[in-house]
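In the part that follows, the structures are each spelled out as structure tokens.
You will see subunit A twice below: alongside subunit B first, and alongside subunit C after that.
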Partner chain A sequence: MHAVGKRRGAIILGLLPALIIYVIFAILPILQSFYYSVMEWDGFSEMTYVGLANFKEIFQDPLFWNSVKNNIFVVLASVFGQVPIALFIALLLNRKLKGLKIFRTIGFLPVVLSTVVISLTWSLIYNSEDGLINGVLRTVGLEGWAQNWLGDTNLAMISVCITVIWQFVGLYLIIFLAALQNIPEEVLEAAKIDGASEWTTTRKIIVPMIWDTVIVAVILCIAGSLKTFDLIYVMTNGGPSHSTEVMALYMFNETFSQLQYGYGSAVSVLIFFFSLILIYLVNKIFGKKMI
Partner chain B sequence: METVVQSELKKTPQKTKKKRSVKRLLIYAVLTIFAVVNAYPILWMVINSFKSEKEFQVDQFGWPDTFVLDNYVNAWNTANFGVLFKNSIFVCLAATISTVLIGAIASYFLSRFTFKMNKVVYTFFIFGMLIPIHATLVPMFILIRNLGLLNTPITLIFPYIAFHLPITIFILTSFMKAFPKDIEESAVMDGCGIFRIFWSIILPMSRPALATVIILNFIYNWNEFSFALVLINDPALQTLPLGLASFAGQFTTNYGAQMAGLTMSLIPIVAFYLLLEKEIVKGMTAGAVKG
Partner chain C sequence: MKKLSILLVGIITVLTLAACNGGEGETTSGSDVIELTLWNDWTEDRPENTAYKKMVEKFNDKHDDIEVVIEAIPHDQYETKLRTQAAGNQLPDMFRVWPGARLAPLAKGGATLSLDSIKDNWEGEIPEGIMKDYQYDGVQYAIPGNISETSLIFYHKDMVEAAGFEEFPKTYEELKSLITALNEDGKTPISLGNKAIWPLQSVYISTIADRFTGSDFLPNAISGEASFENEQFINSMKVIEELATMKAFNGDMNTIDEAQARSEFNAGNAAMHFAGSWAIGPVLDSVENVDNIGVAPFPSFEGGDGDPAKIAGVAGGGIALNSDLSKEEQEAALEFLKFFYSDDMYQQLVKANIIVPADVKMGEDIPQVFQEANKLAQGGLAPVYDATLSPELTDIINNGLQAITLGDKTPEEVAKDMQEQAEKEQ
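Take a look at the complex of A and B:
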């Protein structure tokens, strides 16, 4: 990095477009969230300042805590579903196999698809009458197992989480594969010469060597699943009877169906802090590696 | 004694060979199951989109007797797919080109020039990666409304640019920083201006990183749903994910048309993926690990 003459004008001119759009459409909204969160406002008439009343109300709303609980469920299902499956498949794929490329291509495909398309496809799969899952169950004679997968309060969350896991396994698979391919060949050869079995090599050498990547994946997975919105909005819209409602969805419904802009903003602020705490933890664990 | 040892020696390679091929078979079996689980939901939908309603109800697993295109005609007309495609392509291209162009200029100054606020501005941009999009939905709606931009063809472009500038700038600056220091010096000797250097030297040299950010932006913008949901309610301006969601909501029982609609919307992104797989995987992993 060096100065090609100190052309201040050029520098300002070059940075300005990015700064203007970024400040107006990303920074300003998040600051305004804070402002609206202490207001009572329906979005149209006068705002009134209510202090922390919105937050107090949120904390007393069992539906909010329900959404927090559901969100944690999604986080746990993602971490314990996506990461182990992805790691297992990546370890299997990390060898000289014929057709490896096909498995990788198919494995990553869901990651690039729109969440809306995935949600709608899986809604058809879960459909109680003509869905794929019930169809399979009927064909193999397990008619009694057929369920209303998204309509049952006990099953809806699990069904949604299966789709979430399905959508993102490929992402972590590719991250793990990249890490595995970075392990130097000599290390593995040395282990082989020492007579280590493949299982021992995997457990004692390969996995420890990519452990940092595994932890990064776990954090990404937590952060990603805290933001779950589109998928559940399209699949169940939080139902039946709030059994799949997560924080972002709770915020959305409170704001736009009930026209409580202040209250919704207060929930937004809480979501923001949840994310920040997470990022803080990430930086705590990894130093400055992540950001 | 000797013969025993010899026969052991003879046996072992055969045994391990057999063991190895069994293991290989097992690995293929697991990978095949993984691939089927990954691909079949989508294939199931694509195949059934060619069946008549009647045939689908009788047999949802086999190939269609005749490929019926009625569902496609039906979906295309009722969901206005022509309009949806046109809107998605416009928004996606406009936002992607703007983000990359604006981001590249900013990255150039941030990576190649020393000035007082350099680090502050850079960190300020990178901070954007921490802002959860859902926490800004309420103020974004109000902001866009106050700017009189609600329901216009360019509404979505601004939030898309703002929220994807951070990752774009992050990837481009780290790439541009790695260029040798004397590049500009010789150009300046030849009488090049700052913007000329950017356009004729830095930009062409950044081609690999540009490809990565263009692809990342394209996929994000093509699939984006939340902002579109809140900021667009005029059917004539809906993007593909938004149009699909409301289309499916209206035609809950017409499975054939739904599947046809989903299949149509899949084609562009799947083609894009298969064409640029290597780059996409590289980009997504970079985006995921660093974002």
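Take a look at the complex of A and C:
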């Protein structure tokens, strides 16, 4: 007992620096946001306490609900875009293939590229006048299909989401590949001996065996989509006419462009709770405590 | 226990070493040279920025005891960064500021230093009417470096001629027929980059609305004496709506920024480009044939109440000082300002095609386009919307005008949104 007690002291001491840094840089700012969220403050002058007035105002602002709607759209597009596509490609790549490494590198490349670079490149691709997509459509005679991809309020969100999906498929691809390669050879051999077709093996053995990884990917995906900001900020700046404005961007604009620090903090508090609720729901649905 | 104490000793050593380092660093920088950081948006390679930077260099060469360090941030991000830092109480020693409503929160929050003590330096040199743009509550916070006319029309003379116009249209009706003629020729009439959503407001509406409502309208609407739902103001936004429906702009106007739109114009892919005096230098620098470029004032609108000789403009190029500077630093910074806003710099700016507030002589070598633009300022300046409106109202009109171009909102709806916000602020 004595020995453990001593060791526990050392463990606590060892954890202390990390804990202090975590509290200062993660917990305190969150608490500070809570504090600012009940204030009216332009960033310079004296703060005044306004209670829940900021929250009341947010709930009445149609632009906030618009940003929530857009954000949910990004979450759905990511979960139902990134994860299935990544899983599909991972299953294809998970065999003895010549040049597997090259495919993996190509798939992973977008993940390591800077988001700003991706955003600018895709903005050029989407440009309605001389962009790549419309250029190709015009060359093959599908003139009528050419669109104002980022400049049309109905299309802008879809266009942005395609870029988001493209950017992160590689990440989940690598995660799934790693999981697939951990499936013991014997299990697959046994299935083969039993005469299971490749489709059956995939459906009944491989996918169930990596299911936990899939759930983790879904949760990562949701958390990532909720705080999506930089890509949209560079590509469309939330426009045209608020059609691609997500919660983080709404918060940013209210806080820094309109100098309402209290109001902006209240929005970030809402984003915080929104994320908690969504992730709780996912955990509930899959019936497992993953995070 | 022994391990524990080794660990403790280790931590303490590291901490003391770190502390020592910090202490040493401070003593060296706090010695005889006063270092002043200056934030600005002089990132683009254009003559005015070079002139500014040259002035800073000259100042540093002349002063052994003061060192001005430049930190440049791209224009579209500059104000965001400044406001963020201001909120965190981490402003640099000196920083570029915009006048009017954009200076107000900084001045109101006590973040900037009063310059009243050195104001006399420019008496008789810069007209009081222009100095006033950088005042808040009667206190001077920066010295104007230039005048920014926000509404000029640049055009390719040959393209306008080819469309059947001997001279540039003087009225809106004529402008519309020019646009139709260009469209029929398959040319883009006006190159616009409104992704950052301010050009339609700052460049277009500031002058168009003034033509319709007159210059008293904007201050009156803010104070509550007039309403944004005024018919003339709505008429001005209808101009934007009409231009968008008649396809006066390039199709990607909402997805490219102002600089991209300007290079499209420079490359001859559009006949006109509406921009402010900030574009004079970049346009003259990059077009193939300078003589082919014309500059015109905005056309007059039938039935408008405003003075058609005016264009929107405001003082610019001011540098504000951090109110937290020590006595020594303040003196150094004030000396810098006196040096910076001197005849020497205004001369250089004129050569760089920048319109300046001070009365300077112009040589023969100054290009035609610049002289014409300079003349336009003499007709009087109308208020620029985003230099006068609160950030919230600016946001509403910026987004509103974009929505109008997309057909998502009507001018009446935008006017109503603005009036509601204005009433909240009164």
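In this section, the second predicted complex is superposed on the first by the 249 of 291 C-alpha atoms of A that agree within 3 Å, B and C clash if a C-alpha of one lies under 4 Å from a C-alpha of the other, contacts with A are read in each partner's own complex, and residues count from 1 in each chain.
Note that a contact is a pair of C-beta atoms (placed from the backbone, for glycine too) under 8 Å apart; a residue touches a chain by one contact, two chains touch by 3 or more.
Computed from a predicted model, the values in this text were never measured in an experiment.
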item: First (subunit B), second (subunit C), both or neither touched by A:L150; value: second
item: Subunit C versus subunit B, contacts on subunit A by residue; value: B
item: Partner chain(s) touched by A:G43 [first = subunit B, second = subunit C, both, neither]; value: both
item: Partner chain in contact with A:I219 - subunit B first, subunit C second, else both or neither; value: neither
item: Touching partner for A:Y261 - first (subunit B), second (subunit C), both, neither; value: both
item: Contacts of A:A10 with subunit B and subunit C, given as first, second, both or neither; value: both
item: First (subunit B), second (subunit C), both or neither touched by A:S123; value: both
item: Partner chain in contact with A:L132 - subunit B first, subunit C second, else both or neither; value: first
item: First (subunit B), second (subunit C), both or neither touched by A:H242; value: second
item: Overlapping contact positions on subunit A, where the subunit C interface meets the subunit B interface; value: 6, 10, 14, 17, 43, 123, 127, 256, 261
item: For the subunit A and subunit C complex, residues of the former touching the latter; value: 6, 9-10, 13-14, 17, 42-45, 123, 126-129, 131, 148-153, 236-237, 239-242, 253, 256-259, 261
item: Touching residues on subunit B, where the partner in the complex is subunit A; value: 24, 27-28, 30-31, 34-35, 37-39, 41-42, 44-45, 56-57, 60-61, 102-103, 105-106, 108-115, 121, 125-126, 128-143, 158-159, 161-163, 165-166, 169, 177, 181, 184-185, 188, 194-195, 197-198, 219, 222-223, 225-226, 229-230, 240-242, 244-245, 248, 255, 258-259, 262, 265-266, 269-270, 272-274, 277, 280-281, 284-285, 288-290
item: Contact set on subunit A toward subunit B in their complex; value: 1-8, 10-11, 14-15, 17-19, 21-22, 24-30, 32-33, 36, 43, 89, 92-93, 95, 97, 102-117, 120-125, 127, 130, 132, 135, 139, 166, 169-171, 174-175, 178, 216, 220, 226-227, 229-230, 233-234, 248, 251-252, 255-256, 261, 264-265, 268-269, 271-272, 275-276, 279, 290-291
item: Contact footprint of subunit A on subunit C as seen in their complex; value: 1, 3-4, 7, 11, 80, 83-84, 86-87, 105-106, 108-111, 195-197, 250-256, 391-392, 395, 399, 402-403, 406, 408-409
